[in-house]
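Okay, handing you the structure first.
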C-alpha cells in the first residue's frame, strides 16, 4: 500500500531519491567536479519537487490572453514556477563560483581530490610555520 | 504522457547514478548536460514553459559550457606543468 | 505609515545599491562610500532602536510593493530587529576600519572595491535576514550570505584560504540545500511562504494532528541545515579553517556576523513559523542541547591543543556557538533570552579578539605561533589591553558581558529537571575552566617580557584603534547596561510570537 | 600499492644494515634520510589504509544516501498526492495571482507578474545573487593567467586562428541569436521567457562571437569597462525602480507607473524595463564568466 502511494507520487519520490544522491555526492565524493555536479543535481531535485507541487493534472501554463478571457481555474499554480526560476539563477551562480574555486585550487595543488587538497594546504601551513621559526 | 514522465524520471535517476560511477570527468559533464536537457522536457510536461526556456539556456547552455571550460582549463594547467617540467 | 518606519527598507536597498556603486568606484572612493553607508545603517538602526526599544512599543510590518500580506512580500521590524540592525553594521564597520591595512596593501589594493562590494552585499543579506518576513526571501539572501562570505575567505590568496574556502562552500551548500528542502516542504503543506500565514496554517495542522511526521522532518531539516551553516559542534569541521585563514577583517566578519545571521534565522523560524510549542513537541531542543554540551567542551579542548594564535581564537568560536545553542536548547523564555544576549556579546568579543589580535601579530613580525608572540602585548600595550578585554569577556569575568550570559545560562539551567540542570552546570563549569586555561596561557605569553631585539613598533592607526575601542566599549556596556538590554531582548522576543 | 610498501620496507631494511657509520656527516645524512624514509613508510601505510577503506568509504556513501532517501521518503509519504487541485498549495494566494494578475500586474504571463510584481523583493535578491557570484568569480579568476604557473600555459595553448567556417557561421548566427535573446526578453511579460533566459541567450551569442573572432577583437567591442558600466547601470536601475515601487506601495502613495493595455508590448508597468535590466545583467555576467574562465580577463 505504501508502494501504491509512492507510485502515485512518483515525481516527488524521484525528486527525493535524486536529492539523496546529489546530497551524498556533494558531501562525500572526493572529486570536486563531481561534488559540483552533485550540488546541481541536489538543487534540480528540489526544483523538481517544488514544480510538481504546482502541477494540476489537465491544467495549462499560466499565460492569459490579452482580453483575460481564459478562466483562472484552467491554469496551474504560478508560484512554484516563479520560485524555481529564482532557484535556477541561484544554482547557476553557485555553480560558477564553485567551478572557479576548483580551477584555482587545481592550479595551486594539481589535484581535484578535496581530502588531498586539505592535507596539502595543512602541510604548506606547517612548512610556513617552520620557515618562520 | 504518464509513460513519458515515468521514463524521463527513470532517465534522471540513471543519469545521477552514472555520474557517481563514471571515472571520466568529461563523461560526467556530458551527463550533466544530458540531465539538463531531460529536465527541459520534464518542465514542458509539467506545463512550465518559462522554466523550460531558462533551463535550456542556463542549465544545458551556460552551466555546461562552464563545466567544459573548467575541464579544459584543468587540462591546460596539467600541460603547462608538464612543459615546465620538461624545460627543467 | 510613520516616516521612521521606512528605515529598515531604506537600509536594505541602500546596501544593495552600494554594492553596485562600490564595484565601479576607485579603491579610495569605494572605501569612503562603504564606511559612509555602514555608518548610515548604524545610525538608522540606532534611531530605530531608540523608538522601538521603548517599553510597550509594538513591532510593525512594511509592505514590499503594492500588495498586502499573503500576496505581496513583507518586512517586519521590532525591538530585537532594531538591536541587531545596530549590531551588524556596527561590527562590520569596526572590522573594516581596523582591518583596512591588510586590504589596501600591495597586490590586494586594486581588488579592494570588489571586497567592499561583497561586504555591502553581505550587509544587505544580514539586514534582510533580520527584517524579512518571508521564508523564501530568507533563502535567497541566505545564498547571498553564503557566496559573499565564501568570497571574503578566498580574498586572501593563500593556499590555506583557498582550501578553507572550498570546504566552507561544500558544507554550506549542503546546509542551504537542506534548508531549501525544508522551506519547499513547508510550502507544500501550507501553501504559504510568509511567516505569519505559515504560523497560522501550521497551528491549524498541529491541532488536527495531521502530518505530524512530515512536520518533524521539516523541523529537523531546517535545524540541521542552519546548524551546519552556523558551525554547531558535530557540523563544525569547516569552521576553524574558514575563520582563521582569511584577511583579519574577513575572519572577524565571518566568525562574529555570518554565523549569527544563521542563528538569528533559526530563532526566527522557530518562533515565528513553527511556534515554540511545536518545536518542543518535536524534541529537537534535546538534540541541540546535547550538541551544545559537546561543542562547548570539544571546542575548548581543540583551542587548547592548537599551537597557532588565530586558530585558537577560531576554535573558541566553536565553543561559543555551543553556548548560544545551549540557550536555544534550554528554551522557554529565559533560554532564548540568554542565547540572544550571548549572541550580542560574542559578536563584539570575537571581532575584538580577531582585530586586536591581528595588531599584536603584526607587532610580533607577522608570525602566528605562540612562541613568536611572546611579549607582543608589551609592544602595543593598548591593543594588548583591548585583547585582554575580549578574552575576559569570553571567559566570563566581571565587568564584561560574558559574565552576564553565563549567569543567565546557569540560572536558566536550574529551572530544568535535575539531570539536565546538573549536566548543564557541570559543562558550563568545565568549559569555563578550559576557557580560563587557554586564554590565561595566551595572556601570559602576550604580556611576558619577550625578546626586545626584534621590536618593530608599528604605527597606531587612530581609526583602527577607535574601532577596537568601540567593540571593547560594547562589551563593557553590555555588562553595565545589562538590565535595559535584557528588557529590549525580552520585548523583541515577545513580539516574535 | 603493495609494491610500494615492499620497496619501502626493503629500503628501511637496507638502512638498518650497519654500513653508514663512518663519517659524522655521512652518518647524519643517513640519519636524516632514515627519518625521511620512515616518514614515507608511515604515509604509505596510511595510504594503504586509505585504499582499504576506499571500499568502506564507498559503502558509507551508499549507506548515507540510502538513509537520507528513506528518511525523507518516509517523511513525505503522508503528504498530499501529486497533481490534484485540492492540495493546500492551491489556496487564495495562487487564486489571486491567476484571477487578478492581469489587472493588477498587467502582464499576460502570470509567472512574470508573480516574480516581478507581487514578490519582487525575492527577484531583487536573486539578481544580486548573480552579482555576488560575478564579483566572487572576478576576485578568484581575474589575473590568473598572468601569474607564475600559467605563463607556460599560454605557450601550451596559443590562440589558434579560428576556423573560417566557424567565422562565417558566427557572422551569420550571432545577430540571429542576439535578436532571439532580445525577443525573449521583450516578450517576457507576454509569454514564456523573460530577462533571465533571454539574457543567457544573448550571452551565448557574445560567447560564440568571441570564440570565432578571438578575445582581442571581442575586447574592442566589449571591454572590462563596458562590462562594469552595463552591470552597474542595470543593477542600479533595478534597485532604484524597485525602491520607488516598494516605497509608494508601503506608504500608500500614488505611483506614476501604470499597467497599460494588457497584451501590448509597452505594458505591464515596470515588468518590461526590469526584464531588460535583468537581461543586461545576465548577459554581461554570463559572458564575463566565460571570459574569466577562458583567459582570466574580460
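Per-chain residue numbering starts at 1, and chain names A, B, C and D are given in the order in which the chains are listed.
The rule we apply is simple: a contact is a pair of C-beta atoms (placed from the backbone, for glycine too) under 8 Å apart; a residue touches a chain by one contact, two chains touch by 3 or more.
Just so it is clear, the structure is predicted and the values come from calculations on it, not from any experiment.
J.: When the contacting C-beta pairs are counted for A-D and for A-C, which pair yields the higher total?
T.: If we tally the contacting C-beta pairs, A-D comes out ahead.
J.: Farthest from chain B by Cα centre, which chain is it? Let me know.
T.: C
J.: I'd like to verify one number: the distance from the centre of chain A to the centre of chain B, where each centre is the average of its C-alpha atoms, in whole angstrom.
T.: Measuring from centre to centre gives 12 Å for this pair.
J.: Could you grab the centroid distance between chain A and chain C? Build each centroid from C-alpha atoms only and quote it in angstrom.
T.: 27
J.: Residues touching two or more other chains, restricted to chain A: which are they?
T.: 10-11, 17, 19, 21-23, 27, 29, 52-55, 59, 61, 63, 79-81, 83, 85-86, 88-90, 93-94, 96-97, 99-104, 107
J.: Got the chain B residues that touch at least 2 other chains?
T.: Residues 48-50, 54, 58, 62, 66, 70, 73, 77, 81 of chain B each touch two or more of the other chains.
J.: Give the residues of chain C touching no fewer than two other chains, as numbers and ranges.
T.: 136, 140, 143, 147, 150-151, 154, 181, 187-188
J.: Which word fits the touch map of the chains here: line, ring, star, complete or other?
T.: Its topology fits none of the listed shapes; call it other.
J.: If we use the touch criterion from the header, which chain pairs count as touching?
T.: A-B, A-C, A-D, B-D, C-D
J.: Can you list the residues on chain C that touch chain D in the complex?
T.: Spelled out, the residues of chain C in touch with chain D are 1, 6, 9-10, 13, 16-17, 19-21, 23-24, 62-67, 70-73, 75, 111, 114-115, 117-118, 121, 124, 128, 132, 134, 136-137, 140-141, 143-144, 147-148, 150-151, 154-155, 181, 185, 187-192, 201, 210-211, 213-214, 216-218.
J.: Within their complex, state which residues of chain B touch chain A.
T.: Going through chain B, the ones touching chain A are 5-6, 9-10, 12-13, 16-17, 19-20, 25, 28-29, 31-32, 35, 39, 42-43, 46-51, 54-55, 58-59, 62-63, 66-67, 70-71, 73-74, 77-78, 81.
J.: Okay, in this complex, where on chain A does chain B touch?
T.: Within the complex, chain A contacts chain B at residues 10-11, 14, 17-18, 21-22, 25, 29, 31, 33-34, 36-38, 40-41, 44, 47-48, 51-52, 54-55, 59-61, 63, 76, 81, 84-85, 88-89, 92, 95-96, 99-100, 102-103, 106-107, 110, 112.
J.: What part of chain A is in contact with chain D in the complex they form?
T.: Those in contact with chain D are residues 2, 5-6, 8-13, 16-17, 19-21, 23-24, 27-29, 52-57, 59, 61-68, 72-73, 75, 77-83, 85-86, 88-90, 93-94, 96-97, 99-101, 103-104, 107.
J.: Hey, which residues of chain C end up touching chain A in the complex?
T.: The contact residues of chain C facing chain A are 136, 140, 143, 146-147, 150-151, 154, 159-160, 162-167, 169-171, 173-174, 177-178, 180-181, 184, 187-188, 308, 367-369, 371-372.
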